[in-house]
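Two complexes follow with subunit A in common, the first pairing it with subunit B and the second with subunit C.
Our next item is the complex of A and B:
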């Protein structure tokens, strides 16, 4: 199985050209401030308006390695770094002919070619960058881990083109593992075939098609029975927002109040997308849906979405968090906590999963839409537990205007300027409100000082 | 024996061909035949074996684990004698027959000997194989004087090796200047002067008329009438593709095996790549381009095409290119060394300090750049040429600092 590797990402828009990264590199690699020893090079843009980068990409298919006649360059199968062995190098510079990024270069002062070696997994340049223009992306670790785990669903689930809920549930259940039981109330997730067709199941673990109204309580009961016969299982609900926020709410609320030991995941696509795109209680203000049409009397949904995850913090859940499939590291960290918590109490995860079919955006844009939800603060990523209260896990310091998000999506196409301004205000208010929640001093925090 | 993929040769073109096939097809049977007796190594490393800097057993391009991991049947000591494209089979010198579905010929090139009277009667060396390098290294232990015929890359490398081993070296070159394939006379002169300063006699613009035995060594008579005696004679007067075994096969050849932009030869199911292949030049006719990066690129294209890669990018055309280190200095050349009419050429540098730069643009696009002791990223320059990047708007900046401007342009492109 091919491996994925960590990488350095450059965000040119955040770079101010301070070149502290270069000093840090020269220091780390040669113990000097002489920038000729730096292996990362920040350059002014040709037109002077920004910054450019010359740095080794640790290519998957490194031409520098192919061009090396001495065996001095090799692609490290464990770390992904293109390693350079000085004792084998003959200074022929043919490697430099293979690199279109100026990632391996010769500097007379250094006396041989040099290239980035990722500092054994802790890049000095990233640590030195105060603007976040250099980022060490380590998601590969997750993919490698997940590739080794068994997929708990059958191949060929029939989700819509561009739907990332399938990705989400496959990854979720890989992490949850085989000792589990799944409840899937009516919605897209059973609709795509997880509960099976024609008498055959779509999952490799026990899965049942609960009612829209009884998922949480039924799952808690099933878990109780497993406990009674002496089996440890993770009880997972994969529910849509309808089965959580509307018809499903009384049972979710009851289970939360009793802190039943289940992991309840709400896959929120802002409505009943599976049955014809009707609005739900979490459909945002202004959205077109088949029950909140755009016409003479109505310009999309007239009421606000209820903030379901915040409502869940007002119950007795042991853990509540929001997540986005574009921020998988964040999601996996929360999922790991939620799995642990669900052994003794209720864990509630609210995942925002845009729907290309029902929201009307190109199927290739799903991840971009997820990303923009977070970048505009339309979606806030946070977690909560009663001990520590609420905290942001991915605070957005300079949010983009919400209009950048709205204009990506067809269901908002009709919005007037006033409506957009209104949505911007509610987004700002929501963040301000969450911010207040983060400041509440819990007992645990109070006794800590 | 039959295999889905059969590769002849085990050097750069062959290895990249095999790796590329395995990217697409992980289990089709693949065999690699080579006349070498050892694991793959690069001819380019040989000057460093000659000098003693690299040890013959430390310069492997791949080891057994690579062949095992990629399910490649690596067969050494297997020299191909003939090919029958109609039968999809080839015959080895041992008499063994091998059949294939798809064949890659990556047999490289061998030294070409000049037609000098007496040459075959005197002891001489060439430098193409590990045995050649080990033999030359040993001969250098006893020699006090050497004659190197040819001031191309190989001859120049070897002459330097010998001078460093305190052997009195004389280089004879038919062209007026050394390395004329990559550099203009002004640049060549700078390099030649470094050689002269290091005690090497550079006899340019002369040919060898005759050579005869003299004691353990030889006596050579040059076109200017002078004679030179040397303990050791090294002939580096160019190479010719290894394609004798194609006789009777009907595969089209000129100077090398003619291939298209997917490295296909005129025979179905037969590809050729590397020094043996004659492929489209970036500026026109099909050419031999006997350099390592070219072998790598062609081998890879051939392998991908053999495995039916749907995303294959065809060969963009051969660009001459070299990075050449001599006496701790660097000379780099990418693209066309010699200017035509209508070319915007800028030369700069300081001959005495051995610093040189020459940039040739045509219609605002880079067609050639050469430097000495003035580093440029050859890979970046190569891309600028291949992409035909329009430099008109940044011409002055590029001429003032090609390295920086090249990096800026490429970084922009990758965004």
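Our next item is the complex of A and C:
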């Protein structure tokens, strides 16, 4: 698998043109305030509003390197930075002709071409930017780390085109690793062949086709026996929302109350998608489903979804968090905590995983739909533990109207204006409620200051 | 480790004996069998059984993990997890508890998990009731669990230990319900003799629950993938599993007999493994009984014998697997039979043991007059007088083709 690298990201909407970044760069690279020595340039936008960035992109296939006749420019395989070696440069300037980003330029005062070298991973420009217009993005570490881990499922699971759940469970089990036992109750996850058919399995870890109703308890039993014999095994549930919120809820609730040392992941696609898109207790208001159809007398689901992750926090189990596959950095951070926590107590992750087949949107749009759920506050990303209470991990300051999300999804196609307005109100109320929960100061937090 | 309680008292005949109720006798048997995990949830008339075990664990007399769960469904789920990870398990339930447990219950034999659970038999709802009866055991008789019904408190203790050896036998690998009658046996107090722990350890050996199927990262496998469907290997695979369960059940008939024989040899107490023939060899007719009612029935047989009646008795201990061969041999000795049930087969308008006795009669090659008695429902007594009436009615039976109405023993109490 190809390696990815950290990079500098520019948010033009946050840039006010203060050029502190350029001063910081000139100081860092030449010890001067002379901006001609800066390797980053903020320029007035060509259309007259805002600013643009001229900076080396550290291209994966850099034209400057190809153009260089002397070997002075090389792509560093370890850091990803396009390195310039002054002792080899012949000042031909062919590199500047090749760069489309004005990322390598010649200044007479400097005396040779110069380009960004990423300050050895701690860019001075980023530190100097007060508006957060420059960011040193590190997602690449996630990607590279992922590549080093073994996929715990075989290729060719039979999930639908564009399925989020398959994406999620592959990511999850790479991190959990082989010293684990997985329970998958009936639903899409075993349906795609993870547990297997007729004696053949799609998993490389011990995996069990649990009942819809018993997943948490059965795992707790497995874990209890391994604790007795002193073996460390991560017990993971990959359960749909029906196996968590509906028929499985008693089992989940009991395990959470006992704080059984398991990692329970609810893969929430808002209904029984595997059996033909029937509604569950977490199907949102207004949704079409095959058991909340749309007709003259009924326009989709008539009641609200229960807020299962919030209910889980009321059990005081060790860790509860929500997550979205469009925010994998956020998910990975929570997953790492959850794996650790699950060695001694219950960790519950509720992952919102839109279903292209059941919700009726193009399979190419899955991640966009996930992202829009968060941008509209339809889905809130937060985490909870009994010591620190609840906190948002990705607060959306200026949420888009929920209609922007609803119109992406076929199952909401029939909604009336009144229904959309109702959903907007409940989204607002849900965020306000969560916001109040974030303000509760626990005893542990209080004694910390 | 000692599992006996403060009520322990010296006895001249045996090294140790205690005076306990049936539920405590079961708890002692469990303790001697050294389970890894016991999952508990209360239900009348079983509750004191798991209370005794909980206390044994709390006192440190039993080194097992206690799983306090939120219902009978969870009880069995948790224990399936334990067994798949290699642990020996125990739980107990009754009536509505086994109804709630049904989903994981029917799955346990298919997974071939050698679990042991006490079924303290209780009548089922409705009418709402909390008293003894065997309706619960009869409703689940096709689930694939072995069922052994005890007659005495001592037999409860001994059978509970034996159950582990039977369940975990490589030729069996099936779950066992050790059944004893709610109220009568669960709370009936008698003296029982205690086997020595060291002897029980030698008798049982280490747990062997997951050599065939496991959730273990050292032996990764997909446990219970979808199996079946038409086309492909599914159909024959499914048949292979079902035939395997049936074979395990048939093997259990032999293993149950062997284990009971070994028990008698090691511990000096003998219990009939499959059926017990009581005063049957020279009998003209017989009663068939099951479970705790048998004591009163034997008294009634003795009284009738004193009065010159040629009556005998067949007690069913092992009801699943059905001891067809033993029953056929026993029934062949008599000319009329009356079967006493503490439960109802709604579809047959009779008791279920009666309906199955008719199945065994087919194999004797001689159709004989038979009648179904139903008594002891919802805690009602079946006294020696009730049995005397059953004996008299059986003696006077004439051949009748077609269905015969059951006799409801407590109808006019």
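Here is the rule we go by: the second predicted complex is superposed on the first by the 438 of 449 C-alpha atoms of A that agree within 3 Å, B and C clash if a C-alpha of one lies under 4 Å from a C-alpha of the other, contacts with A are read in each partner's own complex, and residues count from 1 in each chain.
Following the convention adopted for this analysis, contacts are C-beta pairs under 8 Å (C-beta built on N, C-alpha and C of every residue); 3 or more make two chains touch, one makes a residue touch a chain.
Note that the structure is a prediction, hence the values are computed from the model and not measured.
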item	value
Combined model on subunit A: subunit C and subunit B, fit or clash	fit
Touched partner set for A:105, first subunit B, second subunit C, both or neither	first
Comparison of subunit B and subunit C by subunit A residues contacted	C
Partner chain(s) touched by A:362 [first = subunit B, second = subunit C, both, neither]	neither
Which of subunit B and subunit C A:401 touches, first, second, both or neither	neither
Which superposed partner A:46 touches (first subunit B, second subunit C, both, neither)	first
Partner chain(s) touched by A:132 [first = subunit B, second = subunit C, both, neither]	neither
After the two structures are overlaid on chain A, angle v-u-w for subunit B, subunit A, subunit C in degrees (C-alpha centres, nearest 10)	140
First (subunit B), second (subunit C), both or neither touched by A:203	second
First (subunit B), second (subunit C), both or neither touched by A:190	second
Smallest separation of CA atoms, subunit C relative to subunit B, angstrom	34
Residues of subunit B defined as touching subunit A within the complex	12, 16, 42-45, 48, 53-54, 58-61, 292-293, 296, 300, 321, 323, 325, 330, 332, 334, 373, 375, 377-380, 382-383, 394, 397, 404-412, 414-415
Residue numbers on subunit C that touch subunit A, as the complex places them	36-37, 39, 65, 67-71, 73-74, 77-87, 103-104, 107, 214-217, 219-229, 232-234, 237
In the complex with subunit B, residue positions of subunit A that touch it	12, 41, 43-46, 52-54, 63, 66-67, 69-71, 88, 90-94, 96-102, 105-108
Interface residues, subunit A side, partner subunit C - complex	178-181, 190, 195-211, 213-214, 217-229, 233, 250-251, 253-254, 257-258
